[in-house]
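Paired with subunit B in one complex and with subunit C in the other, subunit A is shared by the two complexes that follow.
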Partner chain A sequence: MPPAEILIEGLTQSCIYMTMAFGMVLVFSILGILNWTHGQLFMLGAFIVFYSTTAAGIPFPIGILLAGLVMAGIGILIKKFIIDRIKGELYIGVATLALIFALEGAASLLFTSDDRGLAIILPGVLNLGVVAISYQKMAVIIFTLIVMTAMYFVLNHTKVGLAIRAVAQQPVAASLYGISTERLSLIVMGIGCALAAMAGAIMAPLYPINPFIGRTPMIMALLAIVIGGLGSLTGAIVGGLILGFLHSVIAYYISYLSEVVLFGLIILILLVRPQGLFGASAK
Partner chain B sequence: MRYFFKTIHLIDYKNIVPKTVIGLFIILILLIPVFTRNVVTLSTLIMTGIWAVAAMGFTLVLRTGQFSLGQSAFMALGGYASAILTAQMGLPFWPSFLVSGLVSGLIALLVGMVVLRVGGIYFSIITLALGEIVRIIALQWEPLTRGSRGIIASAPPPIILGGHELVNFNASLAPYFYFMICLVAVTGLVFWRIGESRLGRTFAGTALNPVLAEHQGIYLMKYRVIAFTVAGVFTGYAGALYTHFLQVITPMVFGLWQSIQIMIMSIVGGIGSLVGGPIVGSILLYNLGEYLSRLDTPGLQSFLFGSVVVIVVMFLPQGAGLVNLWERFWNKVVWREEEYEPDEPED
Partner chain C sequence: MLELKNIWVKYGKKAAVRKLSLSVNKGDFVTILGANGAGKTTMLNAISGIVKVKKNEGEIYFKGEKINGWKPGKIASLGIIQIPEGRKLFPLLTVKENLLIGAYLRKDRKGIQQSMDEALTLFPVLKDKLNAKSRELSGGQQQMLAIARGLMAKPEMLLLDEPSLGLSPLIRQQLAETIKEIHREGVTLVLVEQNARLGLMLASYGYVLENGEMSLQGKTSDLLKNDDVKKAYLGV
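Entry: the complex of A and B
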């Protein structure tokens, strides 16, 4: 049994992967495309919160919301001006993959590619006897819980959520009932991008920030989606949890080849259950 | 994934460009090292050819409807196989070069037999993971791969015929250039023949309508594995040539970002043709990247590269790569025909 700190670290990472994967699956279920730039929105979210707390002196929680809002706007712009103008899933995929380069390049131009660190906002450690949790990590976990609860509420108890679920199930029938698929997809894109940016923002005090931090979370979120089953929101959450824990625990036992073992396990899961743990059907 | 392929039409070059023009063009390409000895020009051309071969491999896999995000892993496998055989084990160059592609193809076969069962987006993400696995193993298996220090691979030995040296790889870049031309030509020929043959039509069929193809008695997985393996073999050769051209291979050279570049080259070039599209794409995009890398400001290069690709994808006509634009230009401007609509292949 690995020490409890490793598990806490795993939980923190799971929270990030979960939030990212949730946003990606949400976008996928409505738009039918994977947004490959999610990791870069994560990175930009971290930068926004960094500059808003250090340069502008905005409090950290408001900085997180600001990051979410700004990146939701950018996500909607991407949807409106790039994705909508391209036909064919393949070409949209290429465009969003190319946007990775464009956004990373823009970030290195604006912020330079040096590492920077945001000072810990919530210093101190909660000592529970067997395990000590720093307040900053607790903030990440609590924030994720709040976001997930909010998303659960929005999806299940509001009109927008009802519309989102309807469009995800039957786009044609939903639009026959007077739901504007166009507007809904913009809203969903905004929500998805905001989730990624807020995940980046809440992580900002824990890890160094540079223009390339988005790559690993994006790959991990993709793998979480695959484990959970593409198109399943529960699957994204469970996949994120599994991945975060496995990553930390395996790295604790074998540091060098941990990622190889991790990927091997994922391939094994897919061979046993090709549609993912919560996927509806194989094709 | 299958509805990417609704708009694909195979280009019949025979009707578009007269044979003499093609012949003259090939002779001109072959004469490039005679006209210029500029190291920068030649090395850019050699690298373009190497990426073109990799992009062709990607296009072949895409032809079966599978979207591989790990093609650069096979370049790394080929490169490492060749480097380990020559530098670490002291085997002669030519046999190791031949073996390198086979090693990469064998691994593609094994991985494909396991992974292609799932197909679709799962295949993309597993190949992405495969790329990372290869990179991490190369980084960590110190005794064999020398970890992050990389392996120094020597240049191919001079070819001696009848007592005097015929080709010396250390003297100039021209031998590498012809080596690259041979590789591109062999790959192009093999892929072109595959594309024209029953096998190629079966590939396209499995992508266009997997269910119908299966009902016609086509065992989907067999054809997917064949395409993946053939692509793996030639991508491995490209990686081996890359290694012996730069004379070093490190785990940093081939990663996810190289795979994405291969993919962008192939798709922007045009996936309608197995040979022309990847070549056009790699010529334009590799040189664009190379030109941009001369800019000193960090970040500007990838920003401009990404933006240019996004803009190109936005303004390309639907379902057509750059190679189809050439076709349209030829037909509308040069021949002054009405819009040329090639027949859909009937199979």
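Entry: the complex of A and C
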């Protein structure tokens, strides 16, 4: 049994992978494409919160919302001016892949590639006897709970949520009843990108910030989606949870080979369940 | 009310529908007969805007407005609702949610509730299943839900695409009664059927589609006596 601190660390990672994966699957379910540059929106979210708290003196929670809002706007622009102008899933995929380097390059130019650190906003530790958990990490966990509850509410109890689920399941019939896939695409792109940015923002005080911090969360989110079952929102959440723990626990025991073991395990899961844990089996 | 003038629909180089004209008046009950691949579904999708008919490839008018090129939602809001082939329900949504999608364009809460009550009176079997996912329903129940979902839009004209497909004779009979009931309540109907006998028994006017072209039209009472129709579609 690894020490409790490792499990807390795993849970914190899980929260981020979940939020990222959830946004990606939401976009995928309506647009039918994976937005490969999701990790860079995470990175930009971290920079927005860094500068808004250090340079502009904006309170941290407002900074997180600001990051979400700005990147929702960027996401909508990416949809309108890049994704909409290219035909074919493969080419759209390549375009969003190219955006990884464009955004990282732009961030390096603007902010340099040096590591930056945001001071801990919520100092202190909650001691639960068996385990101590820092307030900053608790903030990540509570933030994720709030986001997931809010998303659950939006998807299941609002008209927009009903429309999103309808289009994801049966786009032609949805359009027959007047649901505009076009408008919903912009909405989910905005939500998905905002989630990525806010995940980056809430994590900013815990890790160094540089233009390349989006890569690992993006790959982990992608793996979470694959083991959860592509297209399943529940799968994205469970996949993210599993990966966060696996990543931290494996790294604790075998630091050098941890990635190799992690990917080996994922391949094993996919060999047993090729459709992922929550994916519909291909009959 | 609905007027198609010389429309063409091409998939690549192959024309699925060629130079097709059709006219439906308010209160009519029209059936479209034709073999598999004759272009029936393509025609309905052209009317609903799922398949675009280009400006130079014919004209579609509904209540005097030229609707080709319009988005499906805008066409639906004029009052033409299609019940698509194979039902196309939202499998993971509940029966109630499926019905609410039917009323997506409407804003009148009271009216929506009233339509829901009416739909459930017409299809009482759905009443006990409101919270069941639509994929859990039987084939007949799914078809009823598909029609009920269409009625939730308060349509003036309903385009029914192969509603009897895959249903048992008993359920098919029930369905026929319900369709008649919907027509009696004042909804203009266009029924596409592979089961030609059913279509001709229900409707008052019929068109026969062959290879994307209209080959024959007339009162259904006449079509039932027509030798070509008898041979090709009624198996007599």
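Keep this in mind: the second predicted complex is superposed on the first by the 282 of 283 C-alpha atoms of A that agree within 3 Å, B and C clash if a C-alpha of one lies under 4 Å from a C-alpha of the other, contacts with A are read in each partner's own complex, and residues count from 1 in each chain.
Note that a contact is a pair of C-beta atoms (placed from the backbone, for glycine too) under 8 Å apart; a residue touches a chain by one contact, two chains touch by 3 or more.
Model, not experiment: these values are computed from the prediction.
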Q: Could you tell me if A:162 is touching subunit B, subunit C, both of them or neither one (first, second, both, neither)?
A: second
Q: Considering only the touch criterion stated at the top, classify A:175 as touching first (subunit B), second (subunit C), both, or neither.
A: second
Q: Name the contact category of A:234: first (subunit B only), second (subunit C only), both, or neither.
A: neither
Q: State whether A:54 touches subunit B only (first), subunit C only (second), both chains, or neither.
A: neither
Q.
After superposing on the shared chain, does subunit C or subunit B touch more subunit A residues?
A. B
Q: Could you say whether A:89 touches subunit B, subunit C, both of them, or neither, answering first, second, both or neither?
A: first
Q: Have a look at where A:149 lands relative to subunit B and subunit C in the superposition and call it first, second, both or neither.
A: neither
Q: Using the superposition on chain A described above, determine whether A:222 touches subunit B (first), subunit C (second), both, or neither.
A: first
Q | Touching residues (chain side subunit A, partner subunit C) in the complex | A | 159, 162-163, 165-166, 169-170, 172-180
Q: Using the touch definition up top, name the residues of subunit C that touch subunit A in the complex.
A: 48, 50, 71-74, 76-77, 81-82, 84, 88-93, 97, 100-102, 104-105, 149, 153
Q: Using the touch rule from the top, collect the residues of subunit A that touch subunit B in their complex.
A: 34, 82, 85-91, 93-95, 97-109, 112-113, 211, 215, 219, 222-223, 226, 230, 256-257, 259-260, 263-264, 266-267, 270-271, 274, 276, 283
Q. Once bound in the complex, which stretches of subunit B touch subunit A?
A. 1, 3-4, 7, 67, 114-115, 117-118, 120-122, 125-126, 128-130, 132-133, 136-137, 140, 210, 256, 260, 263-264, 267-268, 271, 297-307, 309-310, 313-314, 316, 318-319
